[in-house]
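A, B, C, D and E label the chains in the order they appear, each numbered from 1.
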Amino acid sequence: MMDQEPIIALERVSKSFGQRGKAVRAAHDVSFALRPGRTVALVGESGSGKTTCARLVMREYQPDGGRILFCGRDLDSTGAVGLKEYRRAVQMIFQDPFSSLNPAHTVDFILRRPLALGQLHLKGRAVDDTIADLLRRVELDPGAVTRKHPHELSGGQRQRINIARTLAMGARVIVADEPTSMLDVSVRLGVLNLLNEMKRDLGVALLYITHDLATARYVADDILVMYAGQIVEWGDVHRVLADPRHPYTRLLLSAVPDPEVRFDNPGSRLDPRAVEAIRREARHLQDRVVEVGPNHFTRHAA
Amino acid sequence: MTVSPLLSVQNLTIDYIGAQSDFRAVDDVSFDISPGEVFGLAGESGCGKSTIAYAINRLHKPPALIRQGRIFFGGQDVLDLDDRALREFRWHKVAMVFQSAMNSLNPVLRVEAQFHDLLKRHRRYTKAQSRERAAEMLRLVDIPPERMRDYPHQFSGGMRQRIVIAICMALDPKLVVMDEPTTALDVVVQREILQRIDELRRSRGFSVLFITHDLGLMVQFCDRIGIMLRGKLVEQGTAEQIYHRPQHDYTKQLWASFPSLHGDPIKLERASG
Amino acid sequence: MGAVLRSLAHNRKALAGLVIVAVIVALAIAAPWLTEFDPARRVGRPHQPPSWDHWLGTTRIGQDVFARLLYGARTSLAVGFGSGLLITAVGTILGIVAGYRGGRIDEVISFFTNMVLVVPNLPLLLVLAAFIGQASPWVIALILGATSWAWGARVTRAETLSVKQKDFVKSAEMLGEPSWRIMMFEIFPNVISIVGINFVGSVIFAVITEATLEFLGLGDPKTVSWGMMLFNAQNASALQVGAWWDILSPCFALISLGAGLSLLNFAVDEIANPRLRTGNTLSRWSLLMRRGEGRL
Amino acid sequence: QSVLTANIEPATTWVRNFNPFNQTSARQSTLDFIYEPLIVFNRLDANKPNYRLAESYKLAEDLKSIEFKLRDSLKWSDGQPLTASDVVFTYNYIKQYPALDFVSIWQFISDVEQVDKQTVRFTLRQPSALAVDRLIALPIVPEHVWKGIAEPVTFANENPVGSGPMTEVTRFTPQTYDQCRNPNYWDAAHLSVDCMRFPQLADNNQILAASAGGQLDWGVAFLPDVEKTFVAKDPQHHKYWYVAGSMVEFLFNQETSNENNRKAFKDLNFRRAVSMTLDRKAMVDVAGYGYPTLNEDPTAFGDVYKMWLDTKVKGEFGKYTTYDLDGAKALLDKAGYVDKNKDGFRDNPDGTPIAFNIIVPNSWSDWIDTVQIAIEGMREAGINASMGTPEEAVWSQNLISGSFDAAINSISVAASPYYLYQRAFTKSDAGKTRFTAQRWFNDELEGLLAKFAQTPDQAQQKSIMNSAQRIVAENLPIFPVYNSATWYQYNTKRFTGWASGENPFVNPTISRQNPARLLHLLALKPVK
Amino acid sequence: MAFLFRRLGFYLAAFLAAATVNFFLPRLMPGNPIEIMFSSAGSDLSAENLEALKLTFGFVEGPLWQQYLTYLHSVFTGDLGRSIKYFPLPVTELLGRALIWTVGLMGTATLISFTLGTVLGIMAAWRRGSTFDVIFSVGAIMATSMPAMVLSLVALFFFGFELNWFPTGYAADPALDPAFSWPYVSSVIRHGILPVLTLSIVLTGGFLVTMRNNMINLLGEDYIVMARAKGLSDRRVMFWYAARNALLPTVSSLAIAIGTVLGGSLVTEVVFNYPGLGNTLYQAILARDYPVIQGQLLIMTLAMLTANFIVDVSYVLLDPRLRRA
């Protein structure tokens, strides 16, 4: 599967916020690649820099260091036209399905704009047909939803509209920042399945951001575990989760709610002091890469 | 089962009154919580979990209307308490951690003041006594007592959550209601906090009504679990029963829609929620 | 928009306010059919009390008060809505641009907004009107528009800032929408309730302020307006000579229009912020409580 | 102690300024009451001189100089003697500071000298029979005080040393001040009022309240519907008497830049017709509450200068200053002013349209009402007139500079109609004062006026004035409508001796334009 | 602290800008202000006299920038020139006299209406939907829609002229000398009652509504519910938890309200012949007393700035979240 050319590749990208002594290292030496038909999951605790990576990919932030390649080209050299093309190709699905749709517009309006912007050749009825098509593709009934406003839809439906919008734009890369964390358990899975289908049927590249390891395992092919702005462990999702090497990955895994392990079970308990130690350790620069196995890497402090 | 339950909710029905029609948020719900037990309520968002939690402390404001039902606490019907008795009852008997505990501390009062007004109200403590008690409680949740002179915004989310729990413990309540106390936190912090609660409840012997929509977490933490669907309590049982032998279709669907860390990552069916 | 109108129709305050304003507008429009008198001409003896011929009596020089009231409503409404529109337009545009564009533009606009906010409004208006001399209602409307937009700009900016945080704005940006479109189609519809409050509030302010300026003698004496009526009546010491109809008529008219608009304003407020609504739900709740159908 | 409460000027706060040369902001009780004039002429008593500081005056035969003889043993209020040298000092002093010279006296005289301890002689630049009128308008100030004042223009003279009856300022707050008896007053025998009190009152309504409440003894404000608001509150004591005052007129600017209008304005027939459209009675009754005095006099004399009127002139031209709409229409038709362009208004005989604004100060409501009535009449006759309401200051500037079409204006009362005409029709004054706003001049009239000024003989003066008024009446350059009332309300509860319609011995108003107020004050006696 | 310094910088800039506007305003207006001023103030002065007067008053011609610099210099040295109408009173003194009364009038009215409006607003929000709430909310609507002049006129007429309960003008009985004595103080109070009352009525509505709406928004907050769950008494929750926090936005609206208060007090002062700033400004405008008008605007702006600054400071004191470093 590694033979596919990456659409987007981050090479040793860094980003800090704030000035002088108080700078926050939001992303440090981050490298990964997004390939057609593959999903990369980015996991980590709150504040570890996941959203920062997403925004770097979205080009909302300019990296402090490193470079971002788009179809093998360095974006900085392609200028405005390249950027426009890039923006069109890379779309995002937000966490909050409510605030990501303008409550003032109908579903029809929301889907019509990206078509007008992204697919100029479409005219008249063809636009309506495309909209209906898109809705059907995300398993919504066009007749029922086109005239509706977002507040008349459920969270899952709204998230589907969001996905339809990225498709309308003709996106080749979709960045999904915790797309299901605000959804009910019951609809959550539907959205995840939809993402899986898109990846498979349309060959989009997916960056899936979450702190829920179980869903990451469900949708992703590769996984990146982040802590304090660094990717501390990465590789094939099953290998990493089955055999976590970095202490922080282990901690994360053990904290995931698991019905198999009751609290009364003393063995399952986290030791607060040990947790603190892992955190302290992981905050240090992790610059030694170790290849643990095939497509499974981890980093250590030097 | 000879021990009488600490809390007994019977046929509770609550409506939210609308301009024309009413919305039934809780529909004929009955359950018991024994002393020292952790009872979990799980279900979709909007199924009425918080409404039940509020009802136990009679915290509702219009347009909520309790149509029928009784809520016995230690044999006394909470719904019959007059204002004075109610104020005595609140927190002293039942303390609460709210859905967004992050926001349940008054932003313009120091932490010690938020301990003090409670202790003064219920125990007539002086400032100094309150401070002593606050220090004791904060130590329980691993927060340096010196920091009680800080304002809430000076703490991180997890710390704020623990402060609320400390305030909960201050009067040694019999029951602590926790309405999604950890949803806004990341898994590691969530785990730490729940473990702390678990320890506290073992050492102090209070019961917990634990509300969440994370079934996995619920099974880990609770003794018994109730599953709610659109205002109704559709299934009740021990954690083990709910996990391994769910009876109701809805419970089964819920489990089915849970990707698990273990087992085959096959395509799961959607629950019809 | 449709939803807003629908909720307006369901709101008792809005309904009352709408009826009051509509009646005044209708009276103003129908003035020529409701009175045969020319509001500017002497048509009777001075200071006649209300009678069958002169429903609201006559002024000091014998003009018909009722006719002046009707035609005066035209001026008050025109100035009110005219400058209300101006104030709102300027405030909204500046607020949205400042809030959305941010950076240097925001700094400049915010500075001016805060500047204008700290200069006392009415005194400034007074001075401006005096310097300009003979301030016709339109001049007054214009000055009002030029000096009173700051509050609207401030609240619109604040609201824009919070809307701007919403993901749909980001997604519009990601689609490559030009910023004017984002401001107009993504942000504007979401601050419309603020704009509404701003508009109705500005209309109230403009109506009252225009009348105040004229009352203080800074208007054009030829205008037929409520403020001028007040000024003339006050000049003729109408209350002291017992001609209460001369002074109380415009007073009452101003209060009614003000009350009508205020009611509307409150209603818009309630629509914008559902928490503020009381209305039917609560009365129904109290009824049920009293009937013993439940408890709290 | 008798205290007379009076009101001269509206104000929001009193400022202690008793500089008699300051016309803009000194208290208006300064002249006459603190600084006694040399002579006061009583207009209501055939202009008889009342000698005050002067005991006589003598105009030289050649009319080139005038001598005043002061009374014996006059004293300033601080006890120092008041002599001719003070008079000489005063005149020389204002020569040094032209800003003090509010009547431009040094344009009029060329020299002042002390003849002896009690006599002063002024040398006039031009021979004039009327020199005395002008010379008595300036106050005389004590040399021993004023010679030490470095900046007399900004000097506030807070503790005035004067020669009049009321020189002692015993109390002064922003809300009220008292001016009391001069301990060294030469005419103390006639002075029965001990103190005058001036409460601060901001506007007509405030003054009305104070008057109606009986707090004011002597008032000088317009009170709306005075019978009802004032007299009726205490009919026994509350009284008023409104003497005819300044003449109010409409006028056309003969030099307006609007060519079409100018054609009409220059046409006597048009002017006469317009004058006939003016419903003067309604102006008096409606706009003026009936207080002003009707002026239907083509000579513009009206009630004020009745004794100068030539009835023949009035008989001949009076019809042009009487309300007669039909007559006006007929006259216009005859002169060719008909509606040529069918817009409903009459146009010039050559077809060009006539349309003008009558300007009136923005906040003068009685004048606005007057103009309103005038416009109604003109429109009735088919003349396209409307109203312009600039600020007072702009109005007066326009009148001075001549940038307007038509206006309402007024000319204040003086000792004789000579001043009326001299102010209105002196060509060299054009562009300097608002009185010449109509810009109508006549060499013959100016010649007559010059002759009048150099004629001391009454009978001769009368005959000159007869010729002059005929010219004015015939040409009708201004349309008099009424003489406004000089406001005067009084309260007989605490003081008696008030002038009234039954006993019109003196012009009774307390306004600073009326020096005779001093005589009136001396006539008042406290009620026991 | 940094926050306050930034605000201070803004105030300085705002003041400078206001002074600049103030300087250019009369100069940009049509007509020669000096001519207009004199022809308005002095009735029929001769041309020579006028010329001489102008010189004496220091109206020097010269390049605009030079006049501007002179102006700025005098503004910052507290010299606002002398009044024309009330010559030779310095403008600062004239305004100083008036300022005391206006501050007294406005201060009392603001205090009363703020307290009253806030307390009523709290109670109305607490018992939302009750008769109390309905009565006071509708009352507030009525009060805010009542123009100050209408209320003042009616009050003056009925209580001043007709019933004679209160004096109809002045800030104190003019017969009394200012002193800290009971007769004088009581007279000041008697004279202040009507203007303060009308102003308060006009203002209370606004505060009531702001407070009520803030409160209602706040009552849904978790910490209010938590306070109730803690068993605290209603009153304590109402004032110590809800009102205290709801006050914050109200306090900032107070700063803006000061402008309204100034405007309202202007009309009220004119109607009641109250010797305050508003009345002085009004009279100065009628008399075209330019130095006074300019000084007024500056003083009023300065007053607004001061009020805003006080509000800023109290905001920081009230809200610990702003008190950082």
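Quick notes on this structure:
The rule is short, and it goes like this: a residue touches a chain if its C-beta (ideal position, glycine included) is under 8 Å from a C-beta of that chain, and two chains touch if they have at least 3 such contacts.
Bear in mind the structure is a predicted one, so any value in this text is a computation, not a measurement.
Steps from subunit A to subunit C, taking the shortest chain of touch contacts, total 1. Identification of common neighbours of subunit C and subunit E yields B, D. Ranking all chains by how far their C-alpha centres lie from the centre of subunit A, first place goes to D.
Centre-to-centre, using mean CA coordinates, subunit A is 91 Å away from subunit D. Distance between chain centres (mean CA atoms), subunit D to subunit E: 41 Å. With centres set at the average Cα position, the gap from subunit A to subunit E is 56 Å. Here the spacing of subunit A and subunit B, counted between their Cα centres, is 33 Å.
Among the residues of subunit A, none is found touching two or more other chains. Counting partner chains per residue, subunit B shows two or more touched chains at residues 61-62.
Multi-chain contact residues, meaning those touching two or more other chains, occur in subunit D at positions 209, 363, 391, 394.
In this structure, the chains touch in the following pairs: A-B, A-C, B-C, B-E, C-D, C-E, D-E. Contact residues on subunit E toward subunit C in their complex (touch as defined above): 10-11, 13-14, 17-18, 21, 25-26, 29, 128-129, 133-134, 137, 141-142, 144-150, 153-154, 157, 161, 209, 213, 216-217, 220, 256, 259-260, 262-264, 266-267, 270, 278, 281-282, 285-286, 288, 293, 296-297, 300-301, 303-305, 308.
Residues 10, 279-282, 284-286, 288-289, 293-296 of subunit C are the ones touching subunit B in the complex. Subunit C meets subunit E in the complex at residues 13, 111, 114-115, 117-124, 126-128, 130-132, 151, 204, 208, 211-212, 215-218, 230, 234, 239-240, 247, 251, 254-255, 257-259, 261-263, 266, 269, 273, 275-276, 278, 282-283, 285-286. For subunit C in complex with subunit D, the residues that touch the partner chain are 40-42, 46-47, 60-62, 130, 133-134, 217, 220-222, 232, 234-237, 240-242.
Only residues 54, 57, 59, 61-62, 86-92, 95-96, 98-101, 103-108, 110, 117-118, 121-122, 151, 153, 164, 167 of subunit B touch subunit E when the two sit together in their complex.
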